[in-house]
Every structure is written in structure tokens, then in C-alpha cells.
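Below you'll find the structures, each written out as C-alpha cells.
Both of the next two complexes hold chain A, though its partner changes from chain B to chain C.
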Partner chain A sequence: MLGLILIALVVVVAIVGPWLAPYTPNDQSAMLSFAAHGAPSWAHPFGTDRNGYDVLTRVIYGAPTALAVGLGAMLVASLIGILVGGVAGYLGGLADELLMRLTEFFLVIPVFVMILAVVRLFGVVVVGTWLESVPFLNLSTIVLLLGIFGWPPIARLARAEFLRLKGMDFVEAARCIGAQPRDILFRHILPNALPSLAVVIALGIGGAILAESMISFLGFGDPKAISWGQLLYFNYQVLRVSPWAVLAPGTAIFITVLGFNLLADGLSDAFNPRLKQ
Partner chain B sequence: MTDLLTVDGLKVHFFTQSGVAPAVDGIDFAIRPRETLGLVGESGSGKTMASLAVLRLVPPPARIVGGSLHFQGRDLLALDNAAMRGLRGSSIAMIFQNPAFSLNPILTIGAQLIEILRWHEHLSHAAARDRAAELLRLVGIADPVHRMRQFPHELSGGMKQRICIARALLCNPALILADEPTTNLDVTIQAQILDLLEDLRERLHMAMLLVSHDMGLVARMAHRITVVYAGRTCETADVRTIFHAPLHPYTRALLDSAPRIDRDYEHQAHPTLRTIAGRIPDLAAPPSGCRFHPRCPEATADCARLRPEPVQVAPGHIVSCLLRGSPGVPDVGVPGLGVSP
Partner chain C sequence: MGILRYLVRRLLFSVVLVLGVSAIIFFLLNAIGNPVDVLMADNPGITDESLAAVKAYYHLDASVGHRYLIWLGNIARLNFGTSITTNQPVGFMLLSFGAETLKLQIPAIILALLLSIGFAAVAAMRQYTRLDFGVMSAALLGHSLPGFLLGILLILIFAYWLGIFPSYGAYSTRNPLLGSYLADGLWHMVLPLTMLTIFNTATLTLLLRANLVDVLRQDFIMAARASGLPERRVVFHHALRNAIIPVLTYLGILFGLMLATAPVTETVFTWPGAGALYLAAIQSLDYPVIMSETLVITVMLVGFTLLTDLAYVLIDPRIRLD
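Up next is the complex of A and B:
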């Protein structure tokens, strides 16, 4: 329940943010009046950071980025994971063996280092090509990579669920009635597998947001996209001068990730029949 | 009268890593239009596999490796997958052992019934809904429109089995395969469901294959009975002959081990309920010759060596036993036994 409230808060902020924010996100005018590193005040409720940005505005504009990263990465991961796991579980045999070894291969790749390397290399490669003009190219790359390396846990669970469900009597009954394989997969097996998959996906969203923050914190993020990790990156060196500039985005990350983890907990309790009553 | 379904020498083998297990190794039976055939045997005798094989739906790692299946004159083993799918549910329908698990828990009853009619009969949604409601009324569900909006967990076990029966009947099948349809129900509900099945079979001119281990149930429902043991047919005859003049030693033993209400087990002639000595054989390494010979009280040396072929001893009475006149063929064992696929 608390998880839902926290997530609802983030979502509402992300949607109404542009009307809520007191300044435009790229307004650095505080620099001109020597108001950078400004402590929280009525004019700047969360203070200003070393670049003269209004911290509250930047935190608000960071919410849609975080959600886009979390949902986008998990969308990619779910598509790959359910496809790979579902095929492995449903077909079994050699297909299962091969796909699960592939999953394990992806599981042992040091994802973080990989993403940093790819993001940096890609950033160099695109210079001078048409790709350069694609908006948020860097952020999209990160989302895609988080998705491409985030699917193994989903695939493993999807495999287990498909394996369990394909032997269930109602699936057998559907087959005996003459159902097409398509109906069996998408009408009988997948919807019954979704509850447990939703738990892993909710956890994954929080994980992806955290991962993007870490990437941005290391300075590999998208310079054009406003993200909480990037705020930390800009301001961690002045932690002792203006701690609010770091505390605010840090707290935002904390609330969002906690929200998704609590949601995952709540979902797994809600779907667990043994805990009912 | 021509047979509706003929199963001849059906073989279903399990291909496991430790070798080939012949779960069904030569089962024959035939069902005539509008009759109920009881397929009786112990657990693991291959009776469920045989009924799934009729739909060509034996679960992997099992495969149909031999024999022939003819339904309404068509060779089922020669049909392509699409034609077989068209047959399942519309001409041959199945009722399962456990109604609690044979309905999709997250779809309403109505949705599950309507989708079948839309696949097989290409009815409009409204027409399919009306037909489903009509069928539910036919199986004795009082308020079908309301029930169709409910989910399986909101219904009782007996109710669910009625819905499974309705689902099987949706497309007017010629043959119903009922795999222990009442095993998981209360005794009172069992009687109701059996009456319902019998009544519907009569009214809708269907034939039924009743798979069961319960001699009493089969005696009540079936016109003819096929007894199977360890994947092979022992004896086929009409119900009267099976109960009054059984020939195969296994049929006799099976009947002796069923408790009867007209016998006084505490005194007099039958001091205890007789059982069949030994255990059902391990199907990965079945005994040679007649499968029943290690447990058979009449077994001779030949029984371990020769495989009995079915022989007709009287019109409609077929027995596979060397001592009842079956010709024996040297048993070469299962081809491919012990070889991984």
C-alpha cells in the first residue's frame, strides 16, 4: 500500500511537474546574482546548486526521466525475457537447454562495466552521423542496454511458470477442445503467469532506475536529460557547501526505488494464496 | 453395426533418458455408436494414455509408436495437425478427472465456453452465448446467465464438473472420453454426475469411453467392458459376460478383489477380501510373455515365453490368454528397449 502511494506521488509529480516547477529546468540565473549554493529559502524551497539551478525544479524534472528509464528498460527486458523463457518452458527439450544456457551467459556478464563501455563508445561513434540529432540518444541507449541485460531473471521465472502451467489440466483441457497453440499460449498460459512475473518486473523497475542513477552519477548519463543521478554527479564535490543539492535528488531516488520494491512485496503477498484470509 | 472408433494394437511408449517404457503396448478396443465402453485397469495400466492417444495428445516424452486409430472411418494417425484440432472438441470431446483444475482460473465460465463455439462452429458472440446457456441448463445448472459471469473458484466441485461436461458437449460430439469423471467428487455428487452422463449420452446419441478403475461404476454405466493390464488388453466382452463369466485370470482376480455388499466377509465362505498378489510391473522393464504371468495363479512355463494374441472365444468375447485358447507368439520384447532416443 505504501509502495503504491510512493509510486503515485512520483507519477503525479512526473505528469504535472512542468506546471508545478517554480523555474525552468535550465534556468541558471542564480549564478548572476551570486545565489548559487543558496540554502533553501522561499524563492528556492530546496535551495540552488553549484550551477545555479533551482534544485526543486531539477528534482521535479528528474521524475519523468526516472520513470521512463524504469518502465522503458523493463518493457524491453519483459519482452525478451517472456519470449525466451516462455519458448524455453513451453517447448522444453533442446530449445529449453539452449535458451537457458544463453540466459545464464547473460547473467554472468558484468552489466555495469559493459553499459559504461558501450555508452561511451557509442557516444564517440555517432559523432558526425545522423544519429547525433536523435533526441535523448544517450538516454535511449542506456534504457535499451538496461533492458538487454536485465531480462535473465524474467526469463527464468517465465520458464518456470510456463513449465508449470503447460502441464496443468486446464491447458490440457484446452488442447483437448482443439485450441490453437496461439490461444493456449496467450489466453491460457501467459495470463496465468503474469501475476508472478509482475513481481519481478516491479522489482526490476526499481533496479533499472537505480542503475541509471549510478550511470549518471559516474558522468556517463545523458547530458541533455535531467536525471537525479546527474544532479548527484554535478554536486557531490560540494557536499559540505550545499548538502541540499545532493540530499534532494538522493531522497527522490530513495523514495522511488523503495516505492517499487514495496509494490513488488505487496504484489507477491497479494498473489500468494497461502497468505490470504 | 460399424464401429465408431476402432483402436488396434495401440502402442504408446515413453522415451526417457533411462530408456523406453512401453506404457501402452498393444491395446485394442472398439466403440460402437451410442454405446458406453468401460476401459478398466489398475493405476498405471495405460488406460488414461490410451484415451489421450485417441486425441493424439499423449504428453511428451511419450509418443504413439504403433497401432491404428480409426474414427468414423478416418485414420486419425494420418490426419494433419489442423484437421486433428478440428476434430478435438467438436467430434471427440474429453471430460477430465479433476474438475477443479480443468477450468482456466482467470477466465469466466462464459468466456471459456463461448470461445470454443467460436473456434469450432464460427458462431457470433450472441449465438454462442445462447448456446452455452442452453447447454448449461441441460447439464442441470439453474441460473446459467449468472453462472457464466462467475469464475471457476466461485463454484463447487460438482458444479465445475457439470460445466466441464457442458463444455465437452458444446459442439455435439459423437464420442465422449470420460477419464475417471467422478473420482474427485463426493459420493452423493458422483451419483448425480453419473446419472447426468448416462442421461445425456442417451438423449444426445453419443458414444462414451469410460475410463475407470472402479468395477462398480463401470458395471453400472457400461454396455461393454475392456480390461487392460500393464499396457495390454486382457479381455473384452459385454458387461454381463465380464461379471458373470469372466475368462481371463486377471479379470477374475480384479472382480474378486472388489468388495461386494452381498458377501459376508467376517464369517463363512469368504473370510477376507481377496487381493492380487504382487505388484503391477515396472513398465520400464515389463515381464516377458504374458504381462500378468508373475501374478497369475494359473501361470505355466509358456506364459513367461509366449505373448498371447487376442482370440474370439464367443461372439463379442475376446480374450488374450494362452490357457483360454489364445495363440502364443514368441515375445521378442519391446523393440528399442534400453536405447535412448
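Up next is the complex of A and C:
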């Protein structure tokens, strides 16, 4: 329940952000009046950071970025994961063996460090090409990579679920009335597998948001996007001078990740009442 | 299937995994740009001679596939190449920086395991009491608190506000604590070690307590209790042994990811370890270091997964070998 409240908070902030934020996100006017590094006050509830930005405004504008990263990455990961896991579980045999070996293979790729390297190298290579004009290129790259490397846990669970469900009577019945394999897979089995998959996907959303904020914290984020990790990156060196500029986005990340973790917990309790007792 | 045959098969599959990932690392990084083009893009002033020298060094006249084989051959002979930025052998750099990382990570995992056994046992013995609820809430909070945020909080409180511990680095540049380099090194380890230990302990406690609660409900525990053993002995001797088996997987992952999670930890604490080395290598486009370290991380992950499988087989004879 708490998880839902926290997520709702983030979603609402993301939607009404532009009306909620006291300043525009690119307002650096505090620099002009020597008010950068300003402590929290009535004019700047979360203070100002080293670049003269209003921290509260930047934190608010970071919410849609975080949600887009989490949902985007998990959308890609779910598509691949459900397709791979579903086909493996449904077909069985050699296809299952091969697809699961592929999954195991993706599980040992050091995702985080690979993404760092790819984002940095890609950033150098695109300079001067048409790709440079793509909006939020860096952020899209990060989201895509998080999705492409994030599907193995979903595939493993999807396989187990499809394997369990394909022997059930209602699937047998669908097959008897001559339903196409595609319909059996996606219209009969998938909806019944979704509850379990939702748990992993909720965890994955939190994980993707955390990963993006760490990538940005290390300085490999998208300079054009406003993200919590980037706020940390800009202000971490002056932690001693203006801790609020680090603590505010840090708390935002914490709240969001905690929200999705609690949601996953709640979902798993709701779908497996047997475990609760 | 015999245990030996099982092990050989797992070993062979591990080798295949490492080879596959090495191909991905090589082709992905080289597909983005070959080392010289990328360097050129970042250093416009490079002279033609140095360019030719660098190209010859990387065998850039050869095809990508050929270059991959050359690279693999060198790695197989433990020749990791020479760093572009420092001109030192990469193998040596990985060893010296890696030691600084492992010095934090290994004690953090061992400490966390010991602490979490204590916490989980207490929570499971007093199931659904206020104590259990408190321990589990703290664990869930610690598990959700991003590691780097925890590190930042520790630095703010203990280094900046209280001034007890140093906020960055592994050693003092001058005036070591108490005039001893050992004491000084340990002093610097306190905060990063605390951060890693808290983070690991939280997750391990969650896992262990869930398993313990499950195990404590089983018949053999009832039998042990019925035979009149004290509760402490039942939990620590009979239940824990079974509850810890599923946790081995997570322990294996923790050990396997020791270098992979280092960049964040070492940025927070400005720690001169393998993670900092990797970040510096990415910044300066130091291909030999990037590729070697990524491969070493993969080998560690695969190696510890293999060890975990082995441990399962040795500990739990019920596991089917297939």
C-alpha cells in the first residue's frame, strides 16, 4: 500500500510538475545575485545548487525522466523477455534448451560497466553526424541498453509460467477448438502469466531507475535531460558546501526505488496468498 | 550422471560463456568505433607518425575478426596489452588497482554474512513480534536505500559534521594516522566498508529470514524440538544449515560482482581501486584497459557462478546433476 502511495506521488509530481515547480528548470538567475549554493529558504525550499538552479524545480523535473527511464527500459525488457521465455516454455525441447542457454549467456554480461563504456564511446562517435540532432540521444541509448540487457530475469520467469500453464485444461481446450499457436500463447497463456511477471517487472522498473541515476551520477548521463543522478553528479563535489543539492535528488531516487520495491512485495503477497499465512 | 562429468560439463560451458562475452565486448566496442578513430575524434591534434604507430600497434590493417583472434590469443597468454594513457602493462594495473577494491569488498561480504545470520536468526526466532518487524523494516529500508546514497550520508555525518573519519582516498598523502601506514589505511577503510557491509547485510538478512521461516515450519525441525534440544541449537544448528543453501546463489553473485559494482563505491569515496581505474579508462578512451577489465569482470562472474554450482553439489546431495 505504501508502495502505491509513493509511486502515485512520483507520478503526480511528474504530471503536474510544470505547474508545481516554482521556477523554470533552466533558471540560473541565482548565479547573478551570488545566491548559488543557497541554503533552503522560503524562496528556494530545497536551496540552490552550485549552478544557481533551484533544487526543488530540478528535482520535480527529474520525476518524468526517471519514470520514462524505468518504464521504457522495462517495456523493451518485457517484450524480449516474454517472447524468449514464452516460446522456450511453450515449445520445450531443443528450442527451450537453446533459448535458456542464451539467457544464461546474457546473465553473465557485466551490464553496468558495458553500458558506461558504450555510452561514452557512442558519445564520441556521434559528434558531427546526423545522430547528434536526435533529442535525448544519450538517454535513449541508456534506456535501450538497460532494456536489451535487462530481460533475462523476465525470460526465466516467463518460461516457468508458460511451462506450468501450457498443461492446464483451458489451454488444452483452446487447442482443441483449433486456436492458432499465436493466439494460445498471447491470448490464453500470457494473461494468466502476467500477475507473476508483474512482480519482476515492478522490481525491474525500480532497478532501471536506480541504474540510470548511477550512470548519471558517474557523469555518463544525458547532458540535455534533467535527471536526479545528474543533479548528484553536478553537486557531489561540493557536498560539504551545499548538501541539500545532493540530499534532495538522492531522497527522490530512494523514494521511487522503495516505492517500486514495496509494490513488487505487495504484488507477490497478493498473488501468492499461500506464502502469507 | 557422475559428479566429475557434471563438473567438466559446467566448466566447458563456462569457457563457452566467457568466450561468447569476450566476443560481444570486442565487437560491440569496436563496432562503435575503432580505437584510433575514437582517439582521433577526441584528440584532433595527433600527428601522422603517432597515428601510424598506434594503428600498427592495434593491427588495424587486419580485419575485425582477425583482430579479435589476436586479442584473444594475447589474453590467453595473460598479456593484457599496454595502457594508452599510462603506458604501463594493463595486467599490472588491474592487479594493483584490483587489490584496493578487493580489500574493501571481501571483508564487507564476510562481515555482512556473519551479521545477517545473527539478524535473521533473531528475527525468525521471534517471528511476527516487534523485534522481527523492526529488523525486517530496517533490512527492507537498507535494501532499498541506494548504496551510493548511504555512502554520501556516511560522509556527511561522520566525515564532514563529526570529523571522525576521512571522506576520501585510501591513504593520507602526508601525516598518516598515528604515524603508521597500517593504521592510516584501516582508518580510511572504515566508511566505505561500513557502506558496503550495511548494503549487503540488508539484502542477505531479507533472504535468510525468509528461508529460515520456511525451514522452521518443516517436520524435521519439529522433530528436533521434540527431542528436547534448546531452541538456539535448533535454529543455529539444524535450521540455519538448510536456510543458507538458497542464499549461496546471492553470495556467489556478490563475490562475482565485486569489481563490477566498484565504479560507484569508488566515486563516492574517491577510492583508488579497479572501479576508479575503469572510469578513468573510459574517460580517456583507453581501449586495452576497458576491454581487459570488462573481460576480467566477466571471468569473475562466471567463475563464482561455477563455484556456487559446485558448492550446491557438495553441500546438498539431493540436487540432481543435470
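FYI, the second predicted complex is superposed on the first by the 273 of 277 C-alpha atoms of A that agree within 3 Å, B and C clash if a C-alpha of one lies under 4 Å from a C-alpha of the other, contacts with A are read in each partner's own complex, and residues count from 1 in each chain.
Assume contacts are C-beta pairs under 8 Å (C-beta built on N, C-alpha and C of every residue); 3 or more make two chains touch, one makes a residue touch a chain.
Nothing here was measured: the structure is a model prediction, and the numbers come from that model.
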Given the alignment on chain A, is it a clash or a fit between chain B and chain C? fit
When the two structures are overlaid on chain A, which partner does A:L137 contact: first (chain B), second (chain C), both, or neither? neither
State whether A:V11 touches chain B only (first), chain C only (second), both chains, or neither. neither
Classify the contacts of A:F105 with the two partner chains as first (chain B alone), second (chain C alone), both, or neither. second
Given the touch rule stated above, what does A:A179 touch, chain B (first), chain C (second), both, or neither? first
Contacts for A:L83 in the overlay, against chain B (first) and chain C (second): which applies, first, second, both or neither? neither
So, does A:H188 touch the first partner chain B, the second partner chain C, both, or neither? first
Which superposed partner A:A160 touches (first chain B, second chain C, both, neither): neither
Counting residues of chain A touched by each of chain B and chain C, the higher count belongs to C
Quick check on the superposed model: minimum Cα to Cα separation from chain B to chain C, whole Å please. 12
Quick check on the complex: what are the chain A residues that touch chain B? 92-93, 167-170, 172-180, 183, 187-188, 191-192
Where on chain B is chain A touching in the complex? 55, 57, 59-60, 85-90, 93-94, 96-98, 101-107, 115-116, 119-120, 164, 167
For the chain C and chain A complex, residues of the former touching the latter: 17, 20-21, 24-25, 28-29, 32-33, 37-38, 41-42, 140-141, 143-146, 148-149, 152, 155-156, 160, 260-261, 263-264, 267-268, 278-279, 282-283, 285, 290, 293-294, 297-298, 301-302, 305
In the complex, chain A residues that touch chain C: 104-105, 108-110, 112-114, 116-118, 120-122, 124-125, 127, 210, 213-214, 217-218, 220, 232, 236, 239-240, 243, 246-247, 250-251, 253-254, 257-258, 261-262, 265
